[in-house]
Amino acid sequence: MKIGVFVCHCGSNIEATVDTAAVAAAARQFPGVAFATDTMYTCSEPGQDEIVAAIKEHNLGGVVVASCTPRMHEQTFRRTVERAGLNRYLFEMANIREHVSWIGKDREANTNKSIDLVRMATEKLTHNRPLYSKKFDINKRVLVIGGGVAGIQAALDCADGGLEVVMVEKTSTIGGKMAKLDKTFPTVDCSSCILGPRMVDVAQHPNITLYAYSEIEEINGYVGNFEIKVKKKATYVDWDLCTGCGICMEKCPSKKATDFFNEGIGKTTAINIPFPQAIPKKAKIDPAFCTKLTKGKCGVCAKVCPSGCINYEMQDEFITEKVGAIVTATGFDLFDWSVYGEYGGGRYPDVITGLQYERMLSASGPTGGHIKRPSDGKEPKNIVFIQCVGSRDKSVGRPYCTGFCCMYTAKQAILTKDHLPESQSYVFYMDIRAIGKLYDEFTRRAMEEYDTKYIRGRVSMIYPKGDKLLVRGADTLMGSQVEVDADLVVLAVGAEAAAGASKLAEKLRISYDTYGFYMEGHPKLKPVETNTAGVYLAGACQGPKDIPSSVAQGSAAAAKVLGLFSKDQLESDPQVSIVDIKRCIGCGKCIKTCPYGAIKETELRGMVKADVIETICQGCGICTSTCPQGAVQLQHFTDNQILSEVNALCQF
Amino acid sequence: MKFQEELKKCISDVMPELDVVIGWCASFDPLHATPHFMRRKEDIDKLEISPLSVHNLATYLPGLRGKKVGIVVKGCDSRSVVELLQENLIDRKDVTIFGFPCTGVVDQSKIKKALGHTGNVESCEMSDTALVIKMDDKTQTLAMAEMLADKCSSCRYPDAVISDYFAGEKIGNKGEKDVDYAAVEAFEKLSVPERFGYWLKELDRCIRCYACRNACPLCVCRDHCAAESRDPHWLSQENNVRDKLMFQVIHAYHLAGRCTECGECQRACPVDIPVLMFKQKMNQEIREIFQYEAGVDPEATPPLLSFKMEEENITEKVW
Amino acid sequence: MNTSLNYAYYPGCSSTGTSIEYDMSSRAVCAALDIQLNDVPDWSCCGSTPAHTVDHTLSSALSARNLDQVASMGLDSCITPCPSCLANLKTAKHRMEDAGFRDKVNNLLDKPANTQVGTKSVLQILVEDYGVENIKKKVVKPLTGRAVGAYYGCILNRPAELMQFDDREHPMAMDNIMEALGATVVAFPLKVECCGASFGIPRKDLVMRLSGKLLDTAKGIGAMALVTACPLCQMNLDMRQAQVNNANDSHHDMPIFYFTQLMGLALGLTEKELGIDKLCVSPRTVLDAMASEQSVKERAA
Amino acid sequence: MKVINVNLSYNSDFVTQVEEESGQKLNNCYQCGKCTAGCPYTDEYDIAVSQIMRLTQTGQKDKVLNSKSLWLCASCESCTARCPNKIDVARIMDVLRHMARKEGYIGIHTIKTFWDSFLGSVKNNGRVFEVGLLANYISHTGRFWTDMGLGHKVLPKGKIHFTPSEMQGKKEVTKIFIRFKEESAKCRAREKSREISADSRSPQDEYVPELRLLSRVFKHRNLH
Amino acid sequence: MPVLEGTELRIVGFLCNWCSYGGADTAGVGRFKQPTDLRIIRVPCSGRIDPLFIVKAMMNGADGVLVSGCHPRDCHYSEGNFYARRRLEIIEKFLPILGYEPERFAYTWVSASEGQRWQEVVTSFTDQIHKLGPAPKILGPQASDTLSVMEAAL
């Protein structure tokens, strides 16, 4: 095979610390290399044309590009060699940027290392074989996990685009965090007024099937053909019959149930509909608090229900759905702030979270929109807001900035003044993060028009003094310690990955970062893709986000799905395992270890043999490293290809 | 051997249903036995079981797949049969296993050492305690205990672990406890370069005849052994010590969790390279990390073909 | 329960003087619970605050000598009632894990320092090794009747990484013990606020302000007495209470006990052996109240 | 108000020394002020602890080492315990105080003298001898014992002894102090040669030998 | 020219494409400085790594081999690294009997987001290998080719 080698300067990114010309020169000495050169920007149009030209001129059988990471441009260059009539797999990359030029300044060592990597690539290339992908049919339905604003956006966009959508929501209503908000920044328009209609659209859209109070149990298959096992948790209410009239709620005698929707501000009934605008507007029983389910007594709801939909025997139900793509929009949860002993660690009732405050502000909330101290129901006068609780704090393992707390705190300060004109708000902050259209103007208004007192500094402790809370913080601009007698303290608690996010990631086979947020395909260029084909991200599951960005991602994810489904067939990745039938002795070790059950037993002249099902094989290669006689080989990563790399690097 | 007649009896009883029964019989001189394939009743009379019945006959089974085969097994041989069953390389219904209480077999190299040479042995009388060998018209008596193969002196499975017919009184298997790795541990006392040098010296003798592989009952790749293949191309065909050593590692790793330490590889080696030690080391690790011993349970899944989410005995490096 | 608790015991300088009653009561209580204390032979000062304000090697060297004394007893850990000593001894061990620092310390010592000896507070071993439940079993005279607050001081459990004991902001060890003794415990909000520490002599004004604040708060939550585990805290709050009153013209009359003293009483020991008489603010009214409450209960029973 | 030239006034040796001796990274501080917020002594400080951190970060050696705050820190660990960046602020305060001492900055005479007297007492007796320590402190501050009022409270309780509690090993302890003095002398010499300390004013005061002023103490006692 | 004589040693890395190779990229993007000795071979999954590759590399003259995959439970192929862990552990324990220090081989888990961790791993592993110095090498077809040199050295 005649090989061409192209060593990229990547402007100065590589050239600055690697002598690319020397690398090219060295490459010319490698066996099989018929042409080698260094180029300014290999990925640019002229750069690619140069490759095409060289292939034609020197009739090259394979190409090596030494530049950035293959995770960046392997696809690009495969298309390039294809344009020149080569099979896309007769191409190899040497990563001399991320793995060389960017991690050290020693030009000699870098050049030398680059030469090694190029040698390795050429050696592998000589063992490459043309591979051809197969086409397979796809199921043009999409699963949306999570019914928050991001999920809703993605679902509606897909549905309007003509796709069948299956939405799975963990709680008994969609709406997510946004549904709990009173108003939204920076426009201060009513959250439920703008979200409500979208929720109704989801309920009414002919293309959308909604499974509320359900969770993902199992995910199998691959892009185009996923098989999803959904667990419908027992609600003890037959939702086909329930009309959401709410009589059961009025009559239910156990009124001490935790009110999750209201963030524990106030209590609710054992059988409940989270809030008036809930979608679906159906009742469910919280088994922990229902005396019928715990003690076997009561049964009031069954008696009063006009449609007779109560069923205390109800069990969890499992449903299988087939889809071709998945949008994950599982959102975030609030950081457990009780680790802050200095803020009372949860012992002081009048220290609450921002989300709890939202429920208090909301007219549909437990206090009917009146701001009251949880301890004694009194109207607070001095309200202290503390920012960065569980954000930008290494000591609690949350070094990142949640990003939207500054804004919602400003909003809450403004709303507080509207609700209680006599009140005075204080905000302890470190920096104000107000990037975004009209955002900074908004925080300025909080100070200029609403006279919110912004104090730059963290709070070191809160402790009760009489019926007030003494908040002791710093004003670093004054350079002194300050104290505020507060009636109510609201903590701007930061966001963390949703509970169970990592478990779901394992089912989806996508990766997540140290904090449990899902990893996008590429930080810049693949913001809503993941490294698993057919799985996309929307909203805060990828990292803390405010409403506009979540919605934007929801639409972006939908666009990706619609794009994927614009074809009737997908091409399978030919980097899969094949069995050399004469080498196989039918011991079945590969079958035992394949994570996908992609290898089955067949018979050949009365002898047992292994056989790979190409569309199911994902190309991990466990079988190849398991088979003692090397009968099953993962194409493009065969034993010989890897051995040739080893030999290229370690020449005795 | 007292149970020999009993054994012959039950072989002849079942012979009609079998295509062949494999055992041992006398060989070119009184000091050697050789594998014996019995197809007719009269063949059975030649069957001889003695401390000379060294060969692990399980090696022949995969090759005879599809035929009805009877096989006479020592305790250690039977564990190879178990492995072959576990890897469904033979079918239980086609194999009839004859067990007997094995008191150990000799190590020819030890005898050779004791006698100087074993050129023209005239006779060899064996008792439980001694070998009486007549050669060059003088008689020499060797203590049986000293002539036994190492694996026998520390044998934990004298009786077949699996059998359809068992002749004689069972001695009693000790099972998986107190395994003796003294040899390995002693070797590991050597310094790093000493160990490295040792293997180079030993493997230098290797003539790449692959007798070790051919004798191994679990080297089932047969014509497609990595040693002589170009795809995958693990080894060159040159006469160099690197490839010779590499082959032994490949053999050992491919046997990880499968090897029963029958010792055939080492016995078969014409130039006496202690290749068994590689497998013993591998087994020691398998045992310590996964509490697993090959060749005991046909239903078991070997450790390298399975995993646990949390591995109790694996502590990973912290950086 | 662990029947054979046995420790090396490092009393610390103040036990020979201003906090003699802490030492007495600690020994008495341990004796009553069959916890054996073996005095560290010929112990010397740990260096306390002054040493580490001057130099860390000096401070660690002074502590290291005592850790060696412990090692010479063939023990690898010791206990001390005093948080300041505790902090110094623990810090010394911790810092000497760094070879460079250890060498510096060794330069100051006769023989190379021992780096194995760990230290715990008397409080810690009582709750962790002996156990609150077991203490409860031993109570003969429950401390009923009066509300006490527990004040821990700033360094008993801070920094958390070093002290490895109880919650850094809201320690509960003493609260739990007091509850086990039958006392009514009021949650003291300033458990870990500083009392003015060693500034009593050079900057009395500081102590007046800080200790004053503590006493005000204690009164505010209706505590009739405070329990402490620190000689400095106790001295500032008890011995200087009159000064505090003068300085802030307040009228506190709040007994400040060492927790071991109240434990002793509950375990049925005499006031004498617990050095109750050595307290400056008379605990009489509080103790009598408890006594009477008990007798009421007894009669009721 | 003085204008500070950020690059010219930056004393990098000072910053490095603080980082080395404290094992803390000054750049980890993002000035949230939580240390100041929690510091019980802020009231008395001339420079708040968070600003000490800032001034140290920016290498303003003279301003930092002159600060009274260094001497008023009681090492109560509030700052360290609550720092969101896990900086051991209390230890940095310690280190700064050490440097101040070495280089002859004495923020607050009384406090320094008290500590010296305390250590003097330890040096001579192996343990703290409270009465001796006080006597010593008085004689060096010239301040009449501010706690005389306590005398009549404490004395009858047998808490105060007029002779130091005896220990055999006191020589060993004394040696520790002597060696320490030698070591730090060497160290200072080295630093001089490296010209690290910009101006080393008065040499480090020695721990004043303790005076047995029992008689004087008795006099005080008779006053009451 | 395999390595820079004297200054570098031959260290081979086998990295899974999804996590560790990405982690190494992240380290690069973050400009986290690393020693230059390591050469990375990219494989789809740590489960693809036949432990014999490691032995092969050693016998061909590598001074150290580093394997890195996704964290357990986070494998892109869900199970690959679980198999890898068992197989790599075995080979790590086996190397010493061949005459290689066990420290010459290490396997670990680095996710695509852990650029910093990758930097630490590479740096400390490279130090570790430099502390050990060059590995014993097979210098020719006959044992004597090597042994003579070794004895000379000893």
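Miscellaneous remarks
In order of appearance the chains are A, B, C, D and E, and numbering begins at 1 in each one.
As a working rule, contacts are C-beta pairs under 8 Å (C-beta built on N, C-alpha and C of every residue); 3 or more make two chains touch, one makes a residue touch a chain.
Keep in mind that what you see is a predicted model, and the values were worked out from it rather than measured.
Under the contact definition stated at the top, the chains bordering both chain B and chain D are A.
The fewest steps needed to get from chain C to chain E, moving only between touching chains, is 2. Both chain A and chain E are touched by B.
Chain pairs A-D and B-E differ in how many C-beta pairs are in contact, and the one with more is B-E. The chain with its CA mean position farthest from that of chain C is B.
Chain B and chain C have centres, each the mean of its CA atoms, that are 71 Å apart.
Once the centre of each chain is set as its mean CA position, chain A and chain C turn out to be 51 Å apart.
Averaging C-alpha coordinates per chain places the centre of chain C 24 Å away from that of chain D. In this assembly, the C-alpha centroid of chain A lies 55 Å from the C-alpha centroid of chain B.
Shown for chain E are the residues in touch with two or more other chains, namely 51, 56, 60, 73, 79, 83, 87, 138. Residue positions of chain A touching 2 or more other chains, listed in rising order: 342, 461, 593, 626, 639, 643, 652.
Residue numbers of chain D whose C-beta contacts span two or more other chains: 43, 78.
Remark: the chains found to touch one another pair up as A-B, A-C, A-D, A-E, B-E, C-D.
Contact residues on chain A toward chain B in their complex (touch as defined above): 580, 582-583, 585-589, 592-593, 606, 608, 626, 628-631, 633, 638-640, 643, 652.
Put simply, chain C touches chain A in their complex at residues 167-170, 187, 189-190, 217, 220. By the touch criterion stated above, chain B contacts chain E in their complex at residues 184, 187-188, 192-201, 203-204, 234, 238-242, 245-246, 249-250, 252-253, 256, 277-278, 281-282, 285-286, 289-290, 303-304, 307-309, 311, 314, 316-317, 319.
Partner chain A is touched in their complex by these residues of chain E: 1-4, 7-8, 10, 12, 17-19, 21-22, 24-25, 27-29, 31-36, 39-45, 47-51, 53, 56-57, 60-62, 70, 73-74, 76-80, 83, 87, 111-114, 137-139.
Within the complex, the chain A residues that touch chain C are 340-342, 345, 347, 461, 463-466.
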